[in-house]
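The structure appears below as structure tokens.
Chain IDs A, B, C, D, E and F follow the sequence of writing; residue 1 opens each chain.
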Amino acid sequence: MTAFFLHPQGICETTEVGEGTRIWAFAHVLPGARIGRDCNICDGVFIENGVTIGDAVTVKSGVQLWAGVTLGERVFIGPNVSFTNDKFPRSKQYPSVYSRTTVGDGASIGANATILPGITIGIGAMVGAGAVVTRDVPSRAIVVGNPGGVVGYAGAVEVDASRDTLPEDYGASLVRLAPHVEPRGRLFVANDGVVPFTPKRFFLVDKVPNGQTRGNHAHQSSQQFFVAVSGQIVIAVDDGRRAYAITLSHPGIGVYLPPRIWSMQCGHSDDAALLVLASDAYNKPGYISDYREFCSISSRAA
Amino acid sequence: MTAFFLHPQGICETTEVGEGTRIWAFAHVLPGARIGRDCNICDGVFIENGVTIGDAVTVKSGVQLWAGVTLGERVFIGPNVSFTNDKFPRSKQYPSVYSRTTVGDGASIGANATILPGITIGIGAMVGAGAVVTRDVPSRAIVVGNPGGVVGYAGAVEVDASRDTLPEDYGASLVRLAPHVEPRGRLFVANDGVVPFTPKRFFLVDKVPNGQTRGNHAHQSSQQFFVAVSGQIVIAVDDGRRAYAITLSHPGIGVYLPPRIWSMQCGHSDDAALLVLASDAYNKPGYISDYREFCSISSRAA
Amino acid sequence: MTAFFLHPQGICETTEVGEGTRIWAFAHVLPGARIGRDCNICDGVFIENGVTIGDAVTVKSGVQLWAGVTLGERVFIGPNVSFTNDKFPRSKQYPSVYSRTTVGDGASIGANATILPGITIGIGAMVGAGAVVTRDVPSRAIVVGNPGGVVGYAGAVEVDASRDTLPEDYGASLVRLAPHVEPRGRLFVANDGVVPFTPKRFFLVDKVPNGQTRGNHAHQSSQQFFVAVSGQIVIAVDDGRRAYAITLSHPGIGVYLPPRIWSMQCGHSDDAALLVLASDAYNKPGYISDYREFCSISSRAA
Amino acid sequence: MTAFFLHPQGICETTEVGEGTRIWAFAHVLPGARIGRDCNICDGVFIENGVTIGDAVTVKSGVQLWAGVTLGERVFIGPNVSFTNDKFPRSKQYPSVYSRTTVGDGASIGANATILPGITIGIGAMVGAGAVVTRDVPSRAIVVGNPGGVVGYAGAVEVDASRDTLPEDYGASLVRLAPHVEPRGRLFVANDGVVPFTPKRFFLVDKVPNGQTRGNHAHQSSQQFFVAVSGQIVIAVDDGRRAYAITLSHPGIGVYLPPRIWSMQCGHSDDAALLVLASDAYNKPGYISDYREFCSISSRAA
Amino acid sequence: MTAFFLHPQGICETTEVGEGTRIWAFAHVLPGARIGRDCNICDGVFIENGVTIGDAVTVKSGVQLWAGVTLGERVFIGPNVSFTNDKFPRSKQYPSVYSRTTVGDGASIGANATILPGITIGIGAMVGAGAVVTRDVPSRAIVVGNPGGVVGYAGAVEVDASRDTLPEDYGASLVRLAPHVEPRGRLFVANDGVVPFTPKRFFLVDKVPNGQTRGNHAHQSSQQFFVAVSGQIVIAVDDGRRAYAITLSHPGIGVYLPPRIWSMQCGHSDDAALLVLASDAYNKPGYISDYREFCSISSRAA
Amino acid sequence: MTAFFLHPQGICETTEVGEGTRIWAFAHVLPGARIGRDCNICDGVFIENGVTIGDAVTVKSGVQLWAGVTLGERVFIGPNVSFTNDKFPRSKQYPSVYSRTTVGDGASIGANATILPGITIGIGAMVGAGAVVTRDVPSRAIVVGNPGGVVGYAGAVEVDASRDTLPEDYGASLVRLAPHVEPRGRLFVANDGVVPFTPKRFFLVDKVPNGQTRGNHAHQSSQQFFVAVSGQIVIAVDDGRRAYAITLSHPGIGVYLPPRIWSMQCGHSDDAALLVLASDAYNKPGYISDYREFCSISSRAA
């Protein structure tokens, strides 16, 4: 048993509590729960057996952690956040297996949010206060609303592509196509050289519901070029050090994405259609889809 | 006084607690509250005087039950659910009568839901996690969102009428009208015999706000025939044993409803218009509007 | 050869011209054309062989009647009206058979209208000045625009069903359904007796392009009841003596149609859907689809 | 130290508690918190140091008040309401300054509402149950939904300007402009004298997101005239004694606002555009933007 | 009888033909028609008795002028133009009075246009080739399409107010309002002095069907200020020497109109709403509604 | 002077008439006009000096050909077709130069059509009856309506790309991209090799007004790939022997266009956006923009 603080009016029935952790008044930890080091378990928190909590986690008042909840390191759980583990609860009817909820390292869940059963919340994600989370949350995604939808990328600088630029020393860049407005219509031309690679394939994405995301990966060696051919889309780009959330709302502006830049697309308007040109044929091993692995690669590269 | 369990750090000031009920730490039950048998009152729950709770009820942590709340049997109240009893609360101003909230037998209220004052929640209803309930909830209705709207019928199998059928041995049935598509427009004909009764009256329903329901009754002897003449509508049908939630989105498909099938309509699109043909003149006594009574009739009939 | 007038600077190469007919200057009638009595063939008109013209017809200046054109009695052809007889004309390429154009008794074609090949224009129809007629025109229909669409029924009194009534002694009538407007939506009920027959079948009509018509017949014995369940529709009714063009734009108003009333539907808005209840099973011989026959039946009945 | 009630199972570590205040079971007040007189601090409430609470305040169960929260007099905080003080919380990362939340005198916050960081809630405001408050709330505004939007003005009588009038003895008034409906369009004329002042300037407001408000001030001497030139807008007017929430949905109706009437605009439809005529040039000192000051001026004037 | 030219194969039965007029082959003028000096009546034209034609008029081939048609001076009638004088023509049925058509001085009617019965076409108007004119045409209005709608002002320079200016020495002028774009919406302020007069009244115009016009007058002494508060509108201004057709499509731009500038509004988009501020109370005698009178006043003033 | 037929009541003042040509009654040809061989000039046609007509041309009754009109070989001019040569005609005002109208070889103009000044009508084009032509007409384009818009390609087989295919031996082909329909949206991927060339540039075309065309050329060596990324577009393709009008209405289908296939795009829906990938950098000399030259190249190639 390690050295941790227990308020005289708190109850702790487990021995698996890390050093430096504090458990406050009217909190109640059941036997079998495992809590890491340097955590802060505030007044009135209730923790069931079968819960695992990493180091340096904060759990504010009014929170219950049910069997099946796993919190990574440095997770923040705001006051009155509600977890669940049964999709269709009925009194005295118990599912054979409870749904599991996992919150990734460094993620935060804002006050009074509700997490539906079976959700995984990615590394560094930010769930807004009062949100009702009904779908998995990608790494670093910001979720708000009821039902919760993704509205941004945590830590990203916002860039309006119709007005702003990216820093010159950043890997990704914005490319502007000259508009030709004629009586017969509007024309955008990207002559040879405008896109800094020879496209090997392209794809089109449309009908993405607002609040949903796509992408959430980087490429080992492939380059990409994004154009919002209709509507509005946010392209989040992240090189492991700096991140930008680029709003594209004009078919005459493209985003160039070199290898080893993580990207997430979100904020699609109803009429959004995204054209993506890629420098290479499809190559599944070339995808980096684990954000933790991406961070380790990008820090080695730096 | 019956035999029930009280955690040493719980407070129970009433004697009206049923056998087998457990009251956990930091819970507080005031004098005058009445709690049934085999209930589970979790950590930190607060129950005022004037509250009545049926048998086999579960109340999860972080819930307060105010004077005026009545819970039926086998009710499930998720964590941090909030009840209210004053529509326009002001500090130190007390309404002459507090609003009453009633939760029907077998109903469940998901985590962190909010129940506005004066609401009745029907038998077997399911309030989704995080929902804010602003209107009465029909029996077996599923409610989600803020404000809460009905999106389904608990326990019903989903049927897309444009693709699926109902079982042949089920009382209600789908009827398909052959479409005649011509340059001059589209025509659906229901010749004599297609509808299995001679209609005595018909009615049209439109402009139903999304999230609202209609119906919520069965008929003793009247038969009905439903057609979504424009837009999309969900027709839930329930014979007391099996229930189906039928999505109608095409004017060429009708639902035939024999007597003694309970029905609820929900999921109306903005442009939804429902035509109902009925086999009999209006007859108020022929309505079965109490779901409990319907269940008892349908089980006798079986 | 009969007694007709030929202007000294007109040319008439046929002998088949009825008594009392006048042919004016610079008109040119080819051999083989047949012209009825009391016609007026104005300056500059050109009439090919193979044309048949009834009695009491007026053809204004600047009109050419090509082989294949047949005009009934009392037809009016305005100035510069253009007929055609080849759908895809190319110089020096001749179709094996020329398209035929028929204009019914009493019909009028306004100045400068264009009639595409192969068109039949019904009895008493009215083609507006400058219209381009691309489809057959029902009896008494009024056509305007390019392309021409039906906008009314010649000689009908306009009735706005949301405000006006039909005369009490008229066979067809308007039936108003009491609306029940509730927070849960809007309901119109037609209880037993409101519709003056027991419906044997019903049909729904939607997606009728604006400018198109449906109906254009009467029934020997069947009764009908029309409701515009969504959008707006014009129901023209005609008992052979009086005609009304009833605009329906509200689902709470129905048109009752007894036997032997001719009806045409037109003026469909994009979202128009028409419900028709019928008193009898489908019976093809019971249709009166020839307006001339209808007039003879209705005048016998009167 | 004053005479206040502390439940035996409550914890109170401050001495700054006013007379008549009650602190109930499992509540926990930290040292340094200041609580006024006649307050009610219910079961399970947690109050940090640095919190200031006025007199006659009610805090229901399941509420935490963090450092930086200030409640005025007669404030009502419903059960499970969640406050916050860090906009982008991360575990073990502490902002140099916590955001401050201020709740004005007489305001109420409904059950389970969530208040984002740094929010000021105005005097007499009413936050609905389950609302997620993301913006400052003007005095007497009623807020509901997620995200919270303003839907009304607390205590105001609802006036539909297309049907109702204001009392004759009230300062503000409705002015109707005669419509001229012609085949060529619709015309509204406000001849000289219709507006009871000579406009010195005008402004147009459009594209106000639904749920937002404008105004929230009175003028010392300037008069104004409001017309909803398109769409629908609610104009709340308040003379300090009586308040009206006027729905304008027709360009032919104006609201005349004399000096010293407080006004808030809300409920803008997507296409709403508001024209405001003003009797004076812009004059910043003439604005009364503090509702408390307005109340004191209007009561002196009465 | 005056000296005019008649082609040997033309027929002229009237003596009322002005000096210098030429009548060409296959043309036919009936007795009683009156034709001015220096006219050109081309091949195949037919002119009935009761027609009056001013001086210096051109009538191209294939045109018929029916009884009731009056052409002013310097009128141009293109080839195959069709006039009418019976709204609902039926063969052998003659209206008691034929509709009259008047074409103002200097107006032109393009090739193959159709003029419905009873139309007045204003001074200097321009009817486009192929147009079907169903309504009176204001002075100098340009009409195209089927049905014909006004699309411009003959002889006006086109001005896009969002980009162009008016000449500095012109009476009317454009006034730009600075936009304030804020999170709470968009605001345009016209402080004291921006509008160069003190408005005595204002009016709003909306729901003008596209193709219709308003205005078509000048004021003796009143000044006006136009703002398109929503949608797009064309404001034609004309000082008798120079004319501009100003497209307004932004609520931040106004048109100032001094006295004695003729104005016509046209080209309204579906959502167009026009705000007009006026310097004076309504004063009917101050209107100059006759374009001929306006020209005489403006030339005296110059 | 050659041997041609002149009706005794026709007038021909030119000597430049080809052998086998017939000129009918009331027709009038001025000196200086030039008419080819085997033409048919019908009753009442008027031809000015300065007109040039190719061989084997048909001009139906009621047509005038003004100075500046040139008709190619095998042209068909329907009855009452109106030509023009002055954009803004005013009586007694003569433009310094009249607009010229050119009708290409094999083109047809339907009855009562109106051709505005300065128009060029391409080889093999088809102008529908009653159309008002306001813009140049590309080769083989089919034009209808007022104003006239392109609706098809004369002689092309209609292909619905969502259902039909092109013949395997045809140069152009349809390429289908596999759709990935997921809860997160719809994805179309064109992997390497799907497009049979490496794109050197791409362009996007949107906001093309309905009725307009683009393309109307072939390439000497460049290949192209068309995708309707939103909305619907018709791609006409023509190898000089067979032509297809391909309706694209789905972003998952592309049209591959090899060199030396002529293409015209038309039928754009309001929301149409066309993506074009091209195999080569822009190269003006590689364009074949003259349909006559294209036909000669394609027949040499065959």
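As a convention for this text, a residue touches a chain if its C-beta (ideal position, glycine included) is under 8 Å from a C-beta of that chain, and two chains touch if they have at least 3 such contacts.
The structure displayed is predicted, hence computed values, not measured ones.
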item	value
Third chains touching both chain F and chain D	A, E
Residue-number overlap at the chain B/chain D interface, same or different (half cut)	different
Contact-richer chain pair [A-D vs A-F]	A-F
C-alpha-based rotation, chain B on chain E, 0 to 180 degrees, nearest 5	180
Intercentroid distance (Cα basis), chain E paired with chain D, Å	54
Between chain C and chain D, centroid-to-centroid distance (C-alpha), Å	63
Chain centre separation (chain E, chain F; CA means) in Å	35
Touching two or more other chains - residue numbers and ranges from chain D	26, 44, 62, 80, 112, 146
Which chain pairs touch, all of them	A-B, A-D, A-F, B-C, B-D, C-E, C-F, D-E, E-F
Parts of chain C lying in touch with chain B, wherever the complex brings them together	177, 183-192, 194-195, 198-209, 212-214, 227, 229-230, 251-252, 268, 271, 273, 275, 277, 280-282
Partner chain F, residues of chain C touching it in the complex	11, 26, 28, 44, 46, 62, 64, 80, 82-84, 88-92, 112, 114, 116, 132, 146-147
Interface residues, chain D side, partner chain B - complex	9, 25-26, 38, 42-44, 56-58, 60-62, 74-76, 78-80, 106, 108, 110-112, 126, 129-130, 144-146, 154
